[in-house]
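Here it is: the structure, laid out below.
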């Protein structure tokens, strides 16, 4: 399966996945309007239509969707991200649970409203003026022109600046790990992934894992694991160190 | 549920009369006999009979709601006895000032005008359609040709003479100065656009 | 003029009831007890008594016009029996084609409002611009000033009286309690922990 040709039918976009990516990167499509869960759903559907698991496609898809989500998160909640990043893992989990609960409740409330509306289908009332009602003269009490100046002044007040300086710390570029792993592979043919990421933050571990998938996709490494949750072993392939163009692509994307 | 059912059978006109009451209380324009018959799914003769019945029930002195035959058909109106109360009711909205949306839109048009709805929307960060429509309806702003980008451009708006009267201004040059925002209209416009861009960033 | 005058004296509430009927038929929006008292120039206690009388007269099954308590006030509507006839003549454009996004946005504004578009987007995880614009156009939500983060803040939205009317709510307090809806934080936290435990097992 070629991930880039995945046909999508979303509210905001209809067409192949690679066109969506192009439009997003050219900023012709606002990522905020894109339902990423819808993309995942479509991919899983396509995957389910096949008999065997296409690991190659899964890897590529995971990388692309993770990048999309990261971009979307940054665009959608710049302030939120800063707040969450300051939280301890326990607090962050608590915050996540709180938000999920909030959204669940709103979905339930929307459902309640929809049912209520259906129940009220036979309720008719007048929206416009009464046919023979006197037409009220729409006079306005005298106004103070200073009020006009005041609202314009308020419109000219700049919103508080959100500092994005710390963001790079919490979202290290994938390229950083690509370089690190490649350097490591030049010295050693095999290394233990868990050892390498020991002591890193959760975000850094996640990005490191993305880098791993990227290397695997470029056929530069093989990944093996003796059992689920056992240490992940990384081994160099013959092609490693061949092409560096992927790195460039990642630098662009995570800048 | 026996009794009411018998009642309906005994006087089916009553049911039709209730349907007509409902139609007349919902409408915003007088309803013709044809419209009433079609909606009630009854022949117009029976509808006319029911209307006569209703006209008697809803008549001056008997009810505050009066059914009246007018040029376009039939409509409810308020009884003349209640004219004073109705007048007091309609006086009330007069006291109400302008909404925040209206005030912001008016200030933009007054200081930067003539300007288009897209520009107002950009500065406010919100679609300006209903605010503009409300101000046009109140006669505070009016259309002033199309945008500078030619005949195909968006409609531009400027404030009216009524605006000057309501705000007690002899001319727009009497608007309070905004030197703190910029030395001229262009500078103020630029500043507002810059802030708006920050807000949506 | 002897007889009707005696009638008024015999039951002075009747005259007030007729005034209220008139006030309710000339307006479309629900009228609060205060508005009715002010227009009728009567104290609110007497107005309330007269309204109870009218609510009985204008009730489902007895009349095609129904007096209901809605959106913090009183208003006439058509009886449900006449819904088919009304549907033949009138549209209910307010609720036609309300999307899932619109419904969720409406729920958020109804429960958490006044709130801004970024706040709605944070809860839904998708930009709320078009959903908000659609609801404003339908008259279900409206602007309510700007955010608390100062003058430059984003525009906030709240639901309108029309929202309460369309959904047949006396007030927003009739919405089901949020605590009773959806899973609570504890349940979700437990599920998160269960997933985490599986991973480290």
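As written, the chains take the letters A, B and C, and residue 1 is the first residue of each chain.
Definition applied: a contact is a pair of C-beta atoms (placed from the backbone, for glycine too) under 8 Å apart; a residue touches a chain by one contact, two chains touch by 3 or more.
This one's a predicted model, so the numbers in the text were calculated from it and none came from an experiment.
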Most distant chain from chain B, judged by the mean position of its C-alpha atoms: A
Per-chain Cα centre nearest the global Cα centre, belonging to chain: C
Inter-chain centre distance, chain A versus chain B - centres from mean C-alpha coordinates, in Å: 43
Rounded Å distance, chain B centre to chain C centre (Cα mean): 19
Separation of mean Cα positions, chain C and chain A [Å, integer]: 36
Per-residue multi-chain contacts in chain B, two or more chains: 22, 25-28, 76-78, 86, 100, 124, 195, 199
Where chain A touches two or more other chains at once, by residue number: 124-130, 133-134, 153, 155-159
Complex interface listing, chain A residues touching chain C: 11, 30, 32-33, 35, 76-77, 80, 93-94, 96-110, 112-114, 116-117, 119-130, 133-134, 153-160, 229
Residue numbers on chain B that touch chain A, as the complex places them: 22, 25-30, 68, 70, 75-78, 86-87, 90-91, 93-95, 97-98, 100, 103-104, 106-108, 110-111, 123-124, 137-138, 140, 166-169, 174-178, 180-181, 188, 191-192, 195-196, 198-199
Residue ranges of chain C in contact with chain B within the complex: 4, 15, 17-23, 25-28, 31, 35, 38-41, 61, 63-65, 76-79, 81-82, 85-86, 88-90, 133, 136-137, 143-146, 152, 154-155
Chain A residues within the chain B interface of the complex: 124-134, 136-149, 151-153, 155-159
